[in-house]
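Letters A, B, C, D, E and F mark the chains in the order given here, with residues in each chain numbered from 1 onward.
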Amino acid sequence: MSANDLLLRAEGLTALRDERVLFRGLSVSVAAGEVLRVEGPNGAGKTTLLRILCGLDQDCEGRIAWPRAEAAGRPWREELLWLGHLPGLKSTLTAEENLAWLCALRGRAPRRPLREALAMVGLAGFEDLPAGALSAGQKRRVALARLHLEDAPLWVLDEPFTAIDRAGVEALEQLLAAHAQAGGAVVFTTHHAPAITSRSLLLGKAA
Amino acid sequence: MSAFAALFRRDLALAWRARGDLVNPLGFFVIVVSLFPLGMSPDPALLARIGPGLVWVAALLAVLLSLENLFRSDRDDGALEQLLVSSAPLPLLALARVLAHVITVGVPLVLVSPLLALMLNIDGEPFGVLLSSLALGVPVLCMVGAIGAALTTGIARGGVLVALIVLPLYIPVLVFGAGAAYAAGLGLPFAGQLAILGALLALSVALAPFAIAGALRISGSQ
Amino acid sequence: MHPVRRTRLLLVLGALALVGVAVGLTTWALRENMNAFYSPADVVDGKAPVDRRIRVGGLVVAGSVQRGGEGLHVSFDLTDGKGTFTVNYDGILPDLFREGQGILATGTLAADGRFTAEEVLAKHDENYMPPEIKEAMEKGGHPGAKAGATP
Amino acid sequence: MWAYLERLWHRLGSPRHFYDLAGWWLPWLAVSSLLLLGVGITWGLLFAPPDYQQGHSFRIIYIHVPAASLALTGYFAMAVAGVVVLVWRMKMAEVVLQSIAVPGAVMCALALFTGALWGKPTWGTYWFWDARITSMLILLFLYLGVMALGSAIASPVLAARATAVLAIVGAVNIPIIKYSVEWWNTLHQPATFKLTEKPAMAPEMYWPLLVCALGFYLFFAFVVVLRVRNAVLEREAGARWVRELAGEGR
Amino acid sequence: MSAFAALFRRDLALAWRARGDLVNPLGFFVIVVSLFPLGMSPDPALLARIGPGLVWVAALLAVLLSLENLFRSDRDDGALEQLLVSSAPLPLLALARVLAHVITVGVPLVLVSPLLALMLNIDGEPFGVLLSSLALGVPVLCMVGAIGAALTTGIARGGVLVALIVLPLYIPVLVFGAGAAYAAGLGLPFAGQLAILGALLALSVALAPFAIAGALRISGSQ
Amino acid sequence: MSANDLLLRAEGLTALRDERVLFRGLSVSVAAGEVLRVEGPNGAGKTTLLRILCGLDQDCEGRIAWPRAEAAGRPWREELLWLGHLPGLKSTLTAEENLAWLCALRGRAPRRPLREALAMVGLAGFEDLPAGALSAGQKRRVALARLHLEDAPLWVLDEPFTAIDRAGVEALEQLLAAHAQAGGAVVFTTHHAPAITSRSLLLGKAA
């Protein structure tokens, strides 16, 4: 594995919450082509770890480096696509309008027309409904449509399969595998048991 | 620049989609101004005298109330996280957000204030000065208020906390804004006050975006 | 009775009792003077407070209006049949201000009994009729017709 | 008779039948209201004698009183519709409730405006914070609140129910407006027209007023029915009869 | 009755857990009252005259601001759904919720108002009347305001809409409340105003719970 | 099946959203001993149906009756326990305090001590942490602890397995089955495939 393939390297991560140690001195690195599943029971610290990797949680110790971005002189956030528990949709905007502003935050044109991406996640016909009127699963699907639109190499996904129906779960699994194959990388959590994981990181036994 | 434009457009679209809500700060402004004659003695001479102060305080409170939702809704639906992981400079995004707020809330307030001034029997030079002081001051209120709103978005019941944080910062704006109109009413010079308001505006546009960005990163960690 | 039904019944009974209290308090309050309004009789009897902004109302006594002094000064007597006192006013009177007409004045009563008005409003009554009929009524003194202004 | 009324009630309760029935009423309402308004206003403004005190300025009465009366009646009707909405869940009452708000607010604003205009020559001031005038201003605010709340809720059923609650709560204001002139010492005159007595107004002045008032009421009804019909079409857009209607139009 | 007690206790506990927030409406109240002398001319005679009206308007706005979160947080975390499916009568639960709000927000406001009255040079009989009018009136503001808050909890950006809905209903309370203190200041009779405030209190405690319950069922459906 | 066993009977339910018909003239009935799974793809109307059954969504047509409650002269809400997407926890109260007020809404004493129920859902040691500091799965577990505490016969659960780890899912499945066996009934939705369903209701093919 050449140094150029290393997207993310975190070292000595330590997170304490309420005097409980979630993890101490944890090191994680993610290289191109990897699908890393962060595993652990409820309350193990999976969400916390993912948010720390994305720079969203500043309440921790440790170093995080983005070797490839640094080598290319790019801001590291350009390499990252984050989807958390909350889909980040404005409820009064339509699905399409939501995708428009979310993708524009990256400052680059989307990879394909927005409607095409919506159709790919099974939302053809729902493009012009306000996002607030969508069901739980449909909202997540809108957020997942970004995976078809943006060109960040590292996807960090917290429980992406939540609220998605069976057909949707299969499609998403294939998408993650394809992304890794094409030179991207995925870090994700889930309580399902998908077959696509190339590597697992097991966090403690909390709850 | 394109992230700036996208966020700005998004916020205008949000305001337009809920355009009924745009009337709300306005309605509040109008109703508060008409409350005072009820609460105090409805004596026209007295009212004309305290008129500019009234309009200013009401405008300030209207802006204050509108701040609550400035970033909270973004936080509640996860949009804030997406802003924080965006590769665009966060101060720029903050500026877009606040600019949209100035246009959708601040500008209508300034536009409706002539009506209220007339209701309170303010005319002649004080009328013009009151309007210019509001035109300069309301954007300052929005910029400064946004810092408070950003600081409190991480906190569950932030509603009144914003007011508490922001009001002390509002006092100088209020003093110079209402002071200008009051001075004009007495035939005293008022250009100095207006110049100070202009300075405050320039200062807040220059610095507030950075403060807001910092505050948002902290709120996002909570 | 099921406990939830019982609670609901108590809730409704309590509400009704409170509504009763509200009605009682309101009827009592309506008999009180609530807008600082005093009749000429009150003023003459010394019931009206001195040096305070109060409102007085009554009829302008015919022949009592005196314009004069400098500027817009005017004085006139105000009566309600039981008492009469003089009102002083500097300003433009409303068009409907006439002798015999009901008015509402806001002002202050000095310790020496002199009343200075800040504002004089014409309080006109609910009667409407053409001038000819009014004249005829005044001449003939129709017993059945309603008399002019009685505030 | 009773059976007929009951049938009418049920027909009015069904959007489709209401639509048809109201289509019948509309031309009649339009023609009769315009006729009465034309007659009443020319009569009042040109032919009625001037008042012995106020002269010609009293003629504002021909707009002020009908508008004020409609503002009160409109809100009261809204509250009644609100009770029907909440208790019997009747669809048509929902539509009626929301269709009254805008014309009612317009009437309220008109009454305030003409009252202020009239106040200057008679009282000597445009505005005075007495009980009648203040409570009328509150009524305008209540109308605005109903409109704002109704437009903020997407689902028509829920919007109607929410505004029903507000309309009913706000209805306490109606008796206050009506009786303020008797309960308090207001600058506004007490009632000229009472149920039990002859009006304190000469007949040649009150006949045109009655004609005007009737014209205003009919015109208000016309506007409300028109709005109700439009709202029914919008709400039932998916129903077969509306689609057939649209097909007919084409 | 036990559901009533449980909800009431829960709300007191919530307020206590976030007791920093309890200071917020108070702080707002104090700051608004001290804003006016800044916005208007700081003329003591004038201030003393409009003092009671000022205190009343500020108290009203403080209550108004505190309403925003009355039911919204319960809605956002799903607690409202649980109240709605409870077998206890909903008006009773609404009463518990508002009662807790009166105790945690209303009572402190009334308790701090003597301080403000002294700041504004109000003393003697007007002082006592102002306090009693607030003691009777602030609970009314809470009860009535809760109806507006309940009606708007289902709406995304309800913040200013509450104000628009609730302010017209507040005007009578303000008129009689401030009117009583003002009349006392002039040495005029004020018992009638206080009696009306008492009537409003009885009426609002009797009827508001039912209106709130109805409004919550509707908001819960959204 | 005797009439006395019928907990819930809904007839002619029609729900329109944005002019789309989610279901029209739908009839559902739930008898004691049943585990009814409401199935369907994302956006089919499962959540909407469940909320309507619980009286939480008034924006629909149709009749809902609770035969057993009516026969016994009880308010129907006493028969119902509802858990939606949102756990209904106040974030500043501890897990235990939250359970206390939620259970008190029923007006009857809980079936066992609160701490015992918390331990049963794997939260021993987390009783005194504010609910806001718990992980997504831990929050759901607190809400699920109510199943061990309240004695409502009909449980209506919207995606109860969301965010729960594998061990938790198994325990919950057993709990649902045991509740039905003991004469209760369960109506629930999920995108997993649990083995405990006694009857399924399939809703349309929306998204």
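Criterion: contacts are C-beta pairs under 8 Å (C-beta built on N, C-alpha and C of every residue); 3 or more make two chains touch, one makes a residue touch a chain.
Just so it is clear, the model here is predicted, and its values are computed rather than measured.
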| item | value |
| --- | --- |
| Most distant chain from subunit F by Cα centroid | C |
| Distance-maximising chain from subunit E - centres being C-alpha averages | A |
| Chain whose averaged C-alpha position falls nearest the assembly-wide average | E |
| Interface numbering overlap (same over half, different under half) for subunit A and subunit F | same |
| Subunit B and subunit E: spacing of chain centres that average the CA atoms, whole Å | 24 |
| Cα-centroid distance, subunit A relative to subunit C, in whole angstrom | 75 |
| Rounded Å distance between subunit C and subunit D, as computed from the means of their C-alpha atoms | 31 |
| Touching two or more other chains - residue numbers and ranges from subunit E | 18, 73, 76, 87-88, 156, 161, 164, 167-168, 171, 175, 218, 221 |
| Junction residues of subunit D, two or more chains touched | 128, 134, 141, 144, 148, 152, 154-155, 158, 161 |
| Multi-chain contact residues (two or more partners), subunit C | 4, 30, 34, 53, 119 |
| Subunit D to subunit F touching residues, read off their complex | 155, 157-158, 161, 237-238 |
| Interface residues, subunit A side, partner subunit F - complex | 17-18, 40-47, 85, 122-123, 126, 129, 133-138, 141, 159, 162-169, 191-193, 206-207 |
| Partner subunit A, residues of subunit B touching it in the complex | 2-3, 5-7, 9-10, 13-14, 17-18, 73, 76-79, 81-88, 93, 217-218, 220-221 |
| Residues of subunit D that touch subunit C when the two form their complex | 49-54, 58, 61, 121-125, 128, 183-185, 187, 189-192, 200-202, 204-206 |
| Sites on subunit C touched by subunit E in the complex | 4, 7-8, 11, 14-19, 21-26, 28-34, 36, 49, 52-54 |
